[in-house]
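The chains carry the letters A, B, C and D, assigned in the order they are written, with residues numbered from 1 in each.
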Amino acid sequence: MAERWLAHSIVATRGVGWARKPRLHHLTEAAQGRFHYTIGPYSEPVLTVAPGDRILIETRDAFEGAIRTERDKPSKRLRMPFVNPQNGPIMIEGAEPGDTIAVHIERMRPRGENPRGTCCMIPYFGALTGTGLTASLQPPLPEITRKIHVDEKEVRWSARVVLPYAPHIGTLSTSPEIDSINSLTPGPHGGNMDLPDMGPGSITYLPVRSPGARLFIGDAHACQGDGEVCGTAVEFASETTIRVDLIKSWALDWPRLERQDFIMTIGSARPLEDATRIAYRDLVLWMEAEYGFDRWDAYMMLSQCGRVRLGNFVDPNYTVGAGISKKYLAPEGK
Amino acid sequence: MAERWLAHSIVATRGVGWARKPRLHHLTEAAQGRFHYTIGPYSEPVLTVAPGDRILIETRDAFEGAIRTERDKPSKRLRMPFVNPQNGPIMIEGAEPGDTIAVHIERMRPRGENPRGTCCMIPYFGALTGTGLTASLQPPLPEITRKIHVDEKEVRWSARVVLPYAPHIGTLSTSPEIDSINSLTPGPHGGNMDLPDMGPGSITYLPVRSPGARLFIGDAHACQGDGEVCGTAVEFASETTIRVDLIKSWALDWPRLERQDFIMTIGSARPLEDATRIAYRDLVLWMEAEYGFDRWDAYMMLSQCGRVRLGNFVDPNYTVGAGISKKYLAPEGK
Amino acid sequence: MAERWLAHSIVATRGVGWARKPRLHHLTEAAQGRFHYTIGPYSEPVLTVAPGDRILIETRDAFEGAIRTERDKPSKRLRMPFVNPQNGPIMIEGAEPGDTIAVHIERMRPRGENPRGTCCMIPYFGALTGTGLTASLQPPLPEITRKIHVDEKEVRWSARVVLPYAPHIGTLSTSPEIDSINSLTPGPHGGNMDLPDMGPGSITYLPVRSPGARLFIGDAHACQGDGEVCGTAVEFASETTIRVDLIKSWALDWPRLERQDFIMTIGSARPLEDATRIAYRDLVLWMEAEYGFDRWDAYMMLSQCGRVRLGNFVDPNYTVGAGISKKYLAPEGK
Amino acid sequence: MAERWLAHSIVATRGVGWARKPRLHHLTEAAQGRFHYTIGPYSEPVLTVAPGDRILIETRDAFEGAIRTERDKPSKRLRMPFVNPQNGPIMIEGAEPGDTIAVHIERMRPRGENPRGTCCMIPYFGALTGTGLTASLQPPLPEITRKIHVDEKEVRWSARVVLPYAPHIGTLSTSPEIDSINSLTPGPHGGNMDLPDMGPGSITYLPVRSPGARLFIGDAHACQGDGEVCGTAVEFASETTIRVDLIKSWALDWPRLERQDFIMTIGSARPLEDATRIAYRDLVLWMEAEYGFDRWDAYMMLSQCGRVRLGNFVDPNYTVGAGISKKYLAPEGK
């Protein structure tokens, strides 16, 4: 069932387990037990897999199901920092600091009774309001909850607007070495990137900083606009199938992503230009290190053909992906 | 020759001159005479047109032709603030403060001898270097000049990489009311937005703040990546044909753009999140004012389907466009 | 009446007119006629002075007197961009691009009937509210006007709080070369810096970028906290006496300031860290160029004894001063 | 030996243990054993004290003593994230989430052989260089190490410059609820604030978010300029004596500080304006909640008399203190 381009992907070339016949693991809600709200080396593993294995994961929505009707107010139902529940940690055999793990998202299906999707305006959260960090003295925006029908074809936003089902994983992480980061914050470990490209068909590469990598995953979105401007996407509980592999001795500073048509680097920081700088610098250095470009040629060329995706500008760090089409990476003469 | 969707565009509906048979004006280099490096109400008009008229404009490249070979160093050839020369000001009859002008870019053709395209790394300019504003004490990046073949099909970046010809106008402005802004800085008046969407097939709407609007135009790019990361695009001299119209009593705070498939709002500011906030707020308010959406429905919906284009993050202000597909703007039941 | 330290100031050492017997000019409201809201090379000079001359200037308050009682709402009385009226331009004989002018503020006295001071909360202006640039969808803060007694001793803020009279000039500028910048925005030309150190006893050094320097001055504050957090200080009409001099062939990138005890560099930009970077870089380079420090020694030493003053973080650019005590600048062995 | 103003301090009024005769604890290097580089709830307590107790703490310098001579290069001697070692966690009896602990710094003495002070320029760290977050492609600044004589009177920076001994604690924290934050990053829990006001004579108030508060302390500076511009202060090993107390049911969002003359709120975020916004908002709300000011009166008044201290603008978050003189807080009629 795998897409044909995968055979030429980075993970297919360098992953230690890609050629193996994968074993399928099930990480159900019951198997998960307690979900996690902080991503670090201090939690108990729920599963250990071999490189190349597949895992079917039951994720909860970002509100952990606490917003059931449009009358449920986030300020009543949620208590910080216990939001954005994460499955994991999943241990990848053989993963050691200095390695990279690859996470291929194969499929994302909605779970549970409809309306499965939830979108909220949460007081003092979002891009067009003062927040805990961009502090103001203004009254909050209204608190609004929307419940939305989601199936594998469409997201019925309203009587007027129907959006295509375009799911992605909002939060995907390995563990930092000694820190433990709340699941709302993206960073060099991945985290709450909210990047619409991180859906089925994508491969995300994450740096291993702690033994076993300690993979966390959650925060499925049925669709999301660039920037996630109101602060939430169409949040839903999912059955997500991933395949995980291990690339030895590939030390990444920041997450990277591959799709059929392009490669992408991912930076998360504030202000937003710093996230963009991180992503573009990493892309320049990647093109130099692995695609045979001169550094300055890559820099100037990205000024002509680089593509930027705004993940979010609402989380404690903002996330930007910088990509380049694979067609421009072909060796000379091809 | 006009594209069919234009008949349903905003300017076709509301422009006072769109139904008129257009007269074609020529603004050659000779007719222009002295080019401008500051955009304001203090310069002498070079042309007056009626709403609905077409203008064929000979623009100079952003270096005003001073970079002729790959041995020409920007630091030797350029003197600030005399860069990014602008044609204009062009007066639009009947334009008064509170109105909006529409600029439909019909066609952009390269002019002059090949190699027509120029891309430079300029010391302390660009996104991956300290600059005059993001001040550092580090040595500059190397100073490099590239001359690039450009024709109406392709941009031959290097022996290895050929990019499609995808031209756009980098700098498009009306005059501020009393200020005069250098042509490197984008803002509420338009300016140096460097937005790749602003090419042939686009209509840009600009607020009129001074009698006659005083349209300035320049800075043609044969192609440009999102963000213009090294600080320059493939800069070239162009023959650009535009059609200009006037929409009375439509007072914009910031520029807007329309293409066949989407509408877009444009913000320019620092830090980059502020540019994005400006654009998204304006899009929410536009959807509320003219497309029949409830404000909060628009805000939450853009969180699911808004699209962001990074214009530049290298100029004195950074530019972001926030767009929405026209298909989601259709009235209920259509 | 001059303070004794002035004899050892930079201007005393390098100014071409400091040793001259100064002539006193009067720039009354009547002599000024029309005030200016944009700072550039396009306005008619109101006065020409010789280096070393003194000028007694009648400034208007930042609202140009339009806020007369606590019932006057800024949103009703003010129209952008016609705020922060400036006296000038004043031409300094012999000033040419590449030179610097020095402005010694000798005295600032309140003018007019009490209550002379005005402080307002203006909708969508200030640090703890969304603004036109940090765009939000929240309701504005309340609109409040305060009229405050000001005399040369004190500022009677309220029955409970009396503040000392600590006046300074909020907006002090030379003209840019070809741009014209509204009087609300600080930059390399000076402008609306709102720096509390810029009061009587200070000398401000401003770069000359246009013939005659074209000095503008206005925006007197009876006192101001660091950052001017609500957006306005205790704004008042003043009688301000300055002495102006000219330093030939001293080309500054950004304004500088001298007081009895310290020297200071001034940066204005967004985000606020960029303003701070500009100021500190300029201070390092100044210590290297004129005080005999090794560049890296200066950089590391400022990390131990540099002092930062936040001017404003409410204007279109934010302003920061970075200073060092003169006692650390003494040559070795002194 | 306690200063007289302490009898009127917040902690004297509200601390549960201030009236007790304090017991003195010694937290020597040996008693500490392993130092910590991450601040959270997952480490073993090294000491438990009662509210009101005193602790004499042997802190290590930020490089944990690894930089011994001026020939030692940070890039060779340090490995991230194992820098800025912290003593603790110290448990305060009775401290529960929703409470606040007070840390009065009584005295700071240098320890060890001279030269005790160390200042470094670390590649890609500091304010006037690109960094891991403000990513650039430029070469780094030179790597320089300075060893500096420190005693309880002075810091002998160089033959030319002697600075006063003005010590403070750079990093002071309670534990987050479930996260663990590296000791380089300041935030709502305190952390690496690098605020020069946090020296002997100061009382810092920190929110309790985990049982026992879990106090961490380290990073003594013999002196530091505003902003810590080169990235490091005069780092030294100290013998620091603190007195700790507990204020029940006082829930802070961010740290606060009190000295004889003023109170201060502390924000840490990026960009720098957000840190300043956090601090000023908290100060407004504090004046409203506990000093009898109307909210808008406090906001407008701070615009006239607020004082800002830049802690650092080099760490992963930047830190700003906003303060007001106690003389303006006196009740009406006093």
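To be clear about the criterion, a residue touches a chain if its C-beta (ideal position, glycine included) is under 8 Å from a C-beta of that chain, and two chains touch if they have at least 3 such contacts.
Everything numeric here is computed off the predicted structure, so don't read it as measured data.
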Third chains touching both chain C and chain B: A, D
For chain D, the least number of touch steps when starting out from chain A: 1
Approximate Å spacing (C-alpha centroids) for the pair chain A, chain C: 48
CA centroid of chain C to CA centroid of chain D, Å: 33
Sites on chain A at which at least two other chains make contact: 128, 134-137, 141, 270-271, 277, 280-281, 284, 299
Complex interface listing, chain A residues touching chain C: 128-130, 134-141, 271
Interface residues, chain A side, partner chain B - complex: 119, 121, 126-128, 141-142, 144, 146, 155, 157-161, 163, 223-234, 270-273, 276-277, 280-281, 284, 296-297, 299-308, 310, 313, 318, 322, 328, 330-332
Chain B contact footprint on chain C (complex, rising order): 37-38, 40, 42, 81, 132-137, 177-182, 253, 267, 269-271, 274, 277-278, 280-282, 284, 295, 299
